[in-house]
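To keep things clear, I will list the structure first and then write my remarks on it.
As written, the chain order gives the labels A, B and C, with residue 1 at the start of each chain.
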Amino acid sequence: MSVTYLEAIREAQFEALRSDPNVFVYGQDIGQFGGAFKATKGLAREFPGRVLDAPISEDAMVGMAVGAAVEGARPIVEMQFADFSSVGFNQIVNQAATLYWRTNTPCPITIRLPSGGTAGSGPFHSQSMESIYAHYPGLVILTPATVEDAYWMLLDSVKLDDPVIFCEHKFLYYHLKAESFGEHSLPIGKARVARPGRHATVVTYSAMVHEALRAADELQMEGYQIEVVDLRSVKPMDTDTILGSVARTGRLLVVGESFPWGGVSAEVISRVSTEAFHMLDAPPMRLNSKDTPIPYHPNLWKAHRPTVGSICDALRRLLRF
Amino acid sequence: MTPAVPITCTKADLTPDFRDQYLATYRQMQSSRVLEEKLGSLYRAGGRIVGGVYLGRGQEAFSASVAMQLRRGQDVYAPLIRDQAGRMAFGEPITDALRTYMGAATGPMRGRDGNIHRGRPQEGEMAMISHLGAMVSVVAGALFAKRLRGTIADAVGATSIGDGATSTGSFHEAINMAAVEKLPIIISVANNQFAYSTSNDRQFACEDLIYRARGYGVAGWKVDGTDLAACLKVARSAVAAARAGGGPQLIVGTMLRLGGHGEHDDAAYIPDEVKFSKVGQDCLLVAEKFMIAEGWATKAEIDAWLKEARATVDQAVSLVSKEPIPDPYRESWQALSSSELVESWQL
Amino acid sequence: MPTIPILMPQLGESIAEATVVRILIEPGQRVDPGADIFEVETNKATMAVAAPCGGLVDQVIAKANESYAVGAALGSLHVSDEDAQALGFQNDPKAPIDAAQPANTDSVHFQFSDEDAIHDIQPKVEPIVGGLPVPAGATGASFISPRMRARMLELGINSSDLAGVAGTGAGGRVTVDDFETFLRTIEQHRMTPASPMRIAVADSMRRSWSRPLATVGSPVVLDAILAHRKKADPKPGPALYAIRALALALAENTAVAGRLIGSRIVHPRAIDIGFAVEVDDGVLVPVLREVDKTPLSTMVKTYNTLVEQARSRRLPNDVNRPGIATVTNFGTFGIVWATPIPLPEQNLVLGLGAGMKTPHWSAEVNQFIPLTMAELTLSFDHRILDGGGAGRLLSRVAELLQSPEKL
């Protein structure tokens, strides 16, 4: 018996709806149809009136969630694709993210973003938005890489009194399996060392954790032990765990699927360069997607995003320095 | 399309109950005008008010009429830029306005936000963000949650918007969504002829904004925004319809913004023929004339109310002027309510 | 069954790499723990590499007669889980991706195809690899990474202290691992603390050595000085003659005692000359002020006092203010020739070798006559002074020493 990452998302929402009557789910095609990816399959039937189809109005969906949160509800908003959250951007960064700071009113909303690339999805169904939301104060940005994290972090998100951007990776939906949802282990805001090593650290998150682990396998055959840190939460960022790892290895590669300019990888490198310059044996490196929209054809797409091969190449360069 | 005819009052509408609400509303309008004049002079004097001052002169009747129908504690209200009168009618204390304008640490915004960007969301008064149209869906959400949690009873929500903001996608998405959900929301559109400096003919092409109600599948009400009696009649009807399960209500009031977008703007772009037309009347003067004509109040009584309003405002200004301004060293600098998630390394 | 690499072991202190001379295994062969699997040669010895544990040989990467750095993979072994764990290799990340078939495909927005199993496909286009380009100068043995520098700082160790450590890093760079190995090695030796004087001299010399230094030498006849000294009262030491002669020579051209700072020569403000005095475990350099303006006879007393004060380590503070050049009389140790190092803030050091009776052919009397000769040396910063200029300065000093009565 095994469970997928997608089932974790679905089950976490089931559990949230079951345990708290203030929780409701709002999004396009999520009711009777069960969502574009089936992340809410059957939930509308089990929780009548609490899993509702929304008009194609990302701005209004988020604004509505904020108003509901003020009134004591704990909404989960499903964006059909992370890419479309740009239409609701204003409500996310200016309404939801500022509410607590401006008015001392908590804003417990969870916005689920089916993120990241899959072959053939093209420029508008493949984006990773964590960096752009992380730029704004007042938001918590979660990027689970495992089935366990998908389940427990989503439950934590709903319980949190702050707006959460929950970046769930579409590639992991069906491909990532585990025996069970496991135990609730790490709290939000803590990173995990996914694999210990001593020659270089790869800091990454979401689907890229798995690419990095495979790259570490490959480099083990060349005599290198690569440490992989799964950030889990890109904001808040667990700087201590990152610095601890860099102190062990002296070398840092940050891998992210999002666009290269600025962003989470730049933030990690900035912190390490400032706080741990004296722990470095080589200039910290990063590997992101290319600085173009995300291409449609699989050949182009695979070259656009970081892969096991390009992570290995980057690591070899880093280790050679 | 036939021109939409504004709803007006007849003698039959002027019941004693109506008269009492009229007088109460007038006094809110008058207080609002007094406070705003004070804010304008404090701004021109320089010093305690930083940033701009944005006044609702000319819109008091339309703004206050809707808010007078709301019950603080049950209903939800999201005022916009020119709703000082509505805020007062909803029960916002004068000190909230002064403390926010003066950035006092004691106010609801504690120096973190200023002027019209204020509110107490937990008491049903939403604090507007500057992005126009964005508050409509927030009010809809609050009503949605009341319905979900079974606390809605006959509660309603009201929000204001201007002619300019009806052009935003946010407004369109929200009113459509509220209509789909059949939420008891009153959206009052104050068509004050200009969005900052842009006149109606560069803002929308439909003959009258009231026609949009039909497109969204919501009830529509058109009213002369300078006529307090008509405004009250419409507000009472629209709010009652929403309370009775009639879904969203769109009220369009016409009036002229009697001033600039803010006190920095002399509004030289408003032509004289508009200023001196019927739409450019001052709703306070219209109401004053009406009350005297109806025998509801004497000039002396109105002057006495004015004196009282001025004393109240002066007292509040003197109180707030002595209050502490925010201290950057005591500011928490935390944007999250979960303080365990605030990254301490950068503080 | 996990696969682990066979690594080039650390074959001894200061060994960074070794050449594989014989390969004793082939893929598929079973090896016992500790069995010899490679024979390698370092610049010191030939030795065997043993299997880290028992297992089945997976691949042999190393080729005969090629050199491999310590830590490089020579091949790989299929081993048991316990052995892999014991040797510190982890396999199989948690939560593996099942790339074979999606688990749930009912009516989803996007069907995932096998194309999604991207892992076996190499990108056809070079990926963007961010980060800094590697500067050419940063890859060599002289580069010290911030981490390495921090560790050295922590232990108060200088890069020159590591001159004897072979680096295994890129371009022969000493890595933190090399450094830690080195530290463990020296722990086995007897260690005594260096005196503060020793540390100060070391610091001064290390700083000075960062410049291109050169030395020229020339013989000088000492008989005139010796004759002058015999009559003098009080008697100046031989070094004092040299100090005065150097001061007079420098007064004629102060530029040669200047320091090059950026694109300008900084001239001395006064001709103050120091002289080296050997003390316990080090050297002190007291300074005589404005030597060009002070006749030899009036300096003798001050000189003698300073020597005494230096030997008893009681020099007053103001004499420690550095001069513009130093004279060292290494002849007192019987040394004939040396290349002393100038102080870091100075450009010149004049050395005086031991005087020796030497037969000298005299054309006047047409026979060998005995003269007392010594070697004068001048070490200088070649950035400021060239061989010719240094030679002329040295000749001028030698010339002045022939007329001690004028000193």
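Here is the rule we use: a contact is a pair of C-beta atoms (placed from the backbone, for glycine too) under 8 Å apart; a residue touches a chain by one contact, two chains touch by 3 or more.
All values reported here derive from a predicted model rather than from experimental measurement.
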| item | value |
| --- | --- |
| Chain occupying the most central position, where position means C-alpha average | A |
| Farthest chain relative to chain A (centres taken as mean CA coordinates) | C |
| Distance from chain B to chain A - Cα centre to Cα centre, in angstrom | 40 |
| Cα-centroid distance, chain A relative to chain C, in whole angstrom | 50 |
| Chain B and chain C, separation of their C-alpha mean positions in angstrom | 78 |
| Interface residues, chain B side, partner chain A - complex | 76, 108-109, 112-113, 117, 119-122, 126-127, 129-131, 134-146, 148-149, 169-170, 173-174, 176-177, 180, 334-338, 340-343, 345 |
| Residues on chain A engaged by chain C in the complex (per definition of touch) | 2, 4, 6-7, 36-38, 80, 118-121, 125, 145-148, 170-172, 174-178, 194-196, 210-211, 213-214, 216-217, 220-223, 225, 228, 250, 260, 265, 277-291, 298-300, 302-303, 306-310, 313-314, 317-318, 320-321 |
| Residue ranges of chain A in contact with chain B within the complex | 21-22, 24, 49-50, 54-55, 57-73, 75, 87, 90-91, 94-95, 97-107, 137-138, 140, 160-162, 188-189, 236-237, 239, 271, 275 |
| Residues of chain C that touch chain A when the two form their complex | 3-5, 7, 71-73, 76, 88-91, 93-99, 102-110, 112-113, 115-116, 118-119, 121-125, 127-132, 134, 138-139, 145-150, 169-170, 175-176 |
